[in-house]
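Each structure below is given as structure tokens.
Across the two complexes that follow, chain A remains constant while its partner is chain B and subsequently chain C.
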Partner chain A sequence: MSEAVASRYAAALADAALAESNAERVRRDLAAFVAAFDESAELRNVLETPSVAPELKKKIVEALAKRMDLAKAVRNFVFLLVDHSRIEMLREIQQAFHQALNARLGIADAEVTSARELGAEERRELIATLERRTGKKIEARFREDASLLGGAVVRVGSIVYDGSVREQLTRLREQLETE
Partner chain B sequence: MATIKADEITSILREQIENYQQTVAVDEVGSVISVGDGIARVHGLDRCMAGEMLEFPHGVFGIALNLEEDQVGTVLLGDYTEIREGDTVKRTKKIMSVPVGDALIGRIVNPLGQPIDDKGPIVTEHRNPLERLAPGVVDRQPVREPVQTGIKAIDSMIPIGRGQRELIIGDRQTGKTAIILDTILNQKGGDLICIYCAIGQKRSTVAQVVKTLTDYGAMDYSIVVSASASEPATMQYIAPFAAAAIGEYFRDTKRHAICFYDDLSKHAQSYREISLLLRRPPGREAFPGDVFFLHSRLLERAAKLNDQLGAGSLTALPVIETQAGDVSAYIPTNVISITDGQIYLEADLFNAGIRPAINAGISVSRVGGNAQTKAMKKVSGTLRLDMAQYRELAAFAQFGSEQLDKATQAQLARGQRLVEILKQDQFQPLAVENQVLIIFAGGKGYLDDLDVADVRRFELELYPFVETNYPNVFKTLREKKTIDDALQADMIQAINAFKERFKAGLAAAAD
Partner chain C sequence: MSLLLAAGPVFAQSSGSEADTTSGWVFRWINFGLLVALLVYAFGKAAPKFRKNSEEISRKIAEGARAREAAEQQRREVRTKIAGIETEVAAMREDAKRGAEAEAERIRALAKSEAEMVEKAARAEITAAERASRMELRTTAARLAVERAEQILREQLTASDESALFRTFVAELERSRN
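What follows is the complex of A and B.
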């Protein structure tokens, strides 16, 4: 439910940011505002409590936006959230916005898990291969997991490319069991 | 058994391992958001198909039923207690299907087609999808061959044809399953494959049915699909579809099969359970809106195929259990309107000793008459009418029969004897030629001068008498399936001859 709400706000913001063609700045500024929001319990309290009038909240946001030099789209967006009392969903919205913007820019998040740390050359090659395969720009995050024994597992969206030694052993066992 | 050396095994294994294709497994996955009551909500699986099989950990499978914006609602088949939030769910890219084929005959399977009778694995290469579109209009033809149930009241007044859908409806304990069992037993030596699908029944009841079938040698041409009451609602929901899929294999290979869905009331209840857990909006009696479609698409799969497609057939005999005779409840009205007629069983008749407790007045078969043999059609033509008039008069005559005129009394006497000859013991299916003979005798009034109490004994003793002394009668009926003048004369002669002997026996006993 809340996920659906967050994705709607995020989609609207992504469209607005792309229309003004300052998407990367909006992304950066929104992240900065969320960081401030996360860091300061006082700011969270003020913005989330219903006992503070929306007008006052907006004044505070306005002042903050000036100090932090936020893009106009981000400032207006936070105003909107204040008006709709959705400010407590800010973090979810930021995540959804990140995904929505990537989808619009043809960028795919990839989660790469490998048995050992990959070198720079290997990473570059892996990303190039993934980009060829998916036809999208890949933004990869790397993790290590020794239990894979060897090889790597790549997850792009809901598709998993499993080239790990562990998976191959599992399949070999299944194959030997069935024959 | 040829011995194999240990190092030979090693070399085979090594060969396997060396030739093992090193490929990257590409899977589409999602993760479990929540699980409970046999339902799992899964995040991800963007391209999942409706009705697709999904693989959960620990070898559990699920069916995707609800495709939503950010999640997939699935029903789980099997033990879901080990599935945890966050578990990975894999797409299989396959629609749910069951193994079908001749190997299933004589077996007891669960709705997934897995054997549950301890007789080893079922080896067959054919699979049919659970949900399949029913044959179209041009693929069909009207029913033309009969399904002989071996029950006099049904074969004469409510005949069933191959490819027909005939509902058996009645309260609990009125003999619904008994009719099914008699029908299955009567197919012995025939070409009809019987598929009995138990939905939400007690395991002991299913075991009883299987024992009866085994004792009478009926498992040789039967398949039992069982989803008992202790199994999850999902299994009960797919059980009749599995049975239909198994039956379709025979239909499509130019043979004849009959499916008994026992019973669809429980099936509707299990579907209601699943639907409510998936948060589909409830409608009348809390059933979901598509419960009509659920049963209509199931029963539509019963068909008589046209000659180009091999003229195979799948007959469906669904069962509905009513509560206190209420046929206007939601599910009974639905299924009545889908089927080509219904056999209506009544508790009052059952308790009055009329068994099978078929109410001939409101039981109908809309298409089966075309499939009746000529002989049966001829003798049973007036039977329905006689019975209807008798019921009307009987209700009236309850207030005292002394003042009634002769014609009315004769009508009442005829009716009482007809009711008597339509009674039949369980597990005593009767060949069609025997049925024709006794209904002929009753309908033409040859029994009117017998005591009502003697009619059943007369019937039972008539068959062996005719078989030994007038074998020609049964033989001609069996072969020609029609009654010409010569045969009719023979039948009358046989009946009269036996009646004389029977009356002499009665007189001797009275002395």
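What follows is the complex of A and C.
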């Protein structure tokens, strides 16, 4: 339920950001505000407490937006969340916004796990291959997991490409068990 | 008549010297008369009782005859009823014997059927256990083989091997796109 609500707010913000042609700034500023929100317990306490008047909350957000030089779209969006008492969904909405904006910009998130750290050339080659394969711009995050033994695992959205030695050994074991 | 004969000795005892006189005959006749009267009186008193006894005896004889007739009738009826009873008993015995044989046969068939079912279940259980054992053995063998392969890979896989593996993965991604 909350996921659907977060998706609706995120889609609205993504459309607004694209309309103002400052999508990346909105993405960056929203992430900065969420970081501040997570960092400051006092800020969270004020914004999440129902007994605090919305006007006071908006004044605080306004002051913070000026100090952080946040995009107008981000400030107005936080105002909207304050008015609708949805500020507790801020983190969820930010994640949904990231995905919604990427979808609109033709960007796909890729999570690459390899047995060892990949070199720059290997990363470029993999990203280029994934972009050709998906037809989207790939934003990849890389991490290492030695238990893979060799090869790599790539997750793009809900699709997983598993080229690890671990996976091959698992398949081999299943084949031996069924023969 | 018997009373008169009983009075006879009165005359006989009075025979002798005085017996032939007139007064002697009178006394004799008086004695005789008294005796007859006494006898008639006694007989009159006893006659109803004799008659009653006689009737009682006759009644009992009649009753006995009737009872005998009833017993005879009952005996005839019993004989009629039990006529052929031996044949029936024999037939019943024969039926019972056949029934017992049929029951014994049914029990034998049931026991045989149950024995077959038990044997079938046991065979199925053995087959399942055999299958499970084979599967477990295969699983264990596969696990050991893969564990050994993993150990060898950990020991012998070089950086260039890993690079080759990565390049192969990227090439497969590229190939499967087309």
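Convention: the second predicted complex is superposed on the first by the 175 of 179 C-alpha atoms of A that agree within 3 Å, B and C clash if a C-alpha of one lies under 4 Å from a C-alpha of the other, contacts with A are read in each partner's own complex, and residues count from 1 in each chain.
Just so it is clear, contacts are C-beta pairs under 8 Å (C-beta built on N, C-alpha and C of every residue); 3 or more make two chains touch, one makes a residue touch a chain.
Computed from a predicted structure; not experimentally measured.
Colleague: For A:E131 in the superposed arrangement: first (chain B), second (chain C), both or neither?
Modeller: A:E131: touches no partner chain.
Colleague: Regarding the shared-chain residue A:E48, is it in contact with chain B (first), chain C (second), both, or neither?
Modeller: In the superposition, A:E48 touches no partner, neither chain B nor chain C.
Colleague: Does the superposition put A:L172 against chain B (first), chain C (second), both, or neither?
Modeller: both
Colleague: On chain A, which partner touches more residues: chain B or chain C?
Modeller: Counted on chain A, the partner with more touching residues turns out to be C.
Colleague: Quick one: is A:S158 in contact with chain B, with chain C, with both, or with neither? Answer first, second, both or neither.
Modeller: The first partner, chain B, only.
Colleague: Taking the superposition as given, does A:E92 touch the first partner, chain B, the second, chain C, both, or neither?
Modeller: Once the two structures are laid over each other on A, A:E92 reaches no partner at all.
Colleague: Touch check for A:S7: first (chain B), second (chain C), both, or neither?
Modeller: Once the two structures are laid over each other on A, A:S7 reaches chain B alone.
Colleague: Identify the partner contact of A:L149: answer first if only chain B is touched, second if only chain C is, both if each is, neither if none is.
Modeller: Touch partner of A:L149: chain C, not chain B.
Colleague: Where on chain A do the contacts with chain B and the contacts with chain C coincide?
Modeller: The answer is residues 161, 163, 172, 176, 179 of chain A.
Colleague: Enumerate the contact residues on chain A facing chain C in the complex.
Modeller: Result: residues 114-116, 118, 122, 125-126, 129-130, 132-133, 149-152, 154, 161, 163, 165, 169-170, 172-174, 176-177, 179 of chain A touch chain C.
Colleague: Considering only the defined contacts, which chain C positions touch chain A in the complex?
Modeller: 135, 138-139, 141-143, 145-146, 149-150, 153-154, 157, 159, 161-163, 165-166, 168-170, 172-174, 176-177
Colleague: Mind pulling up the chain B residues that touch chain A in the complex?
Modeller: Residues 13, 16-17, 20, 22, 24-30, 44-47, 69-70 of chain B touch chain A in their complex.
Colleague: Under the touch definition given earlier, write down the residues of chain A that touch chain B in their complex.
Modeller: Chain A residues touching chain B: 3-4, 7, 155, 157-163, 167-168, 171-172, 175-176, 179.
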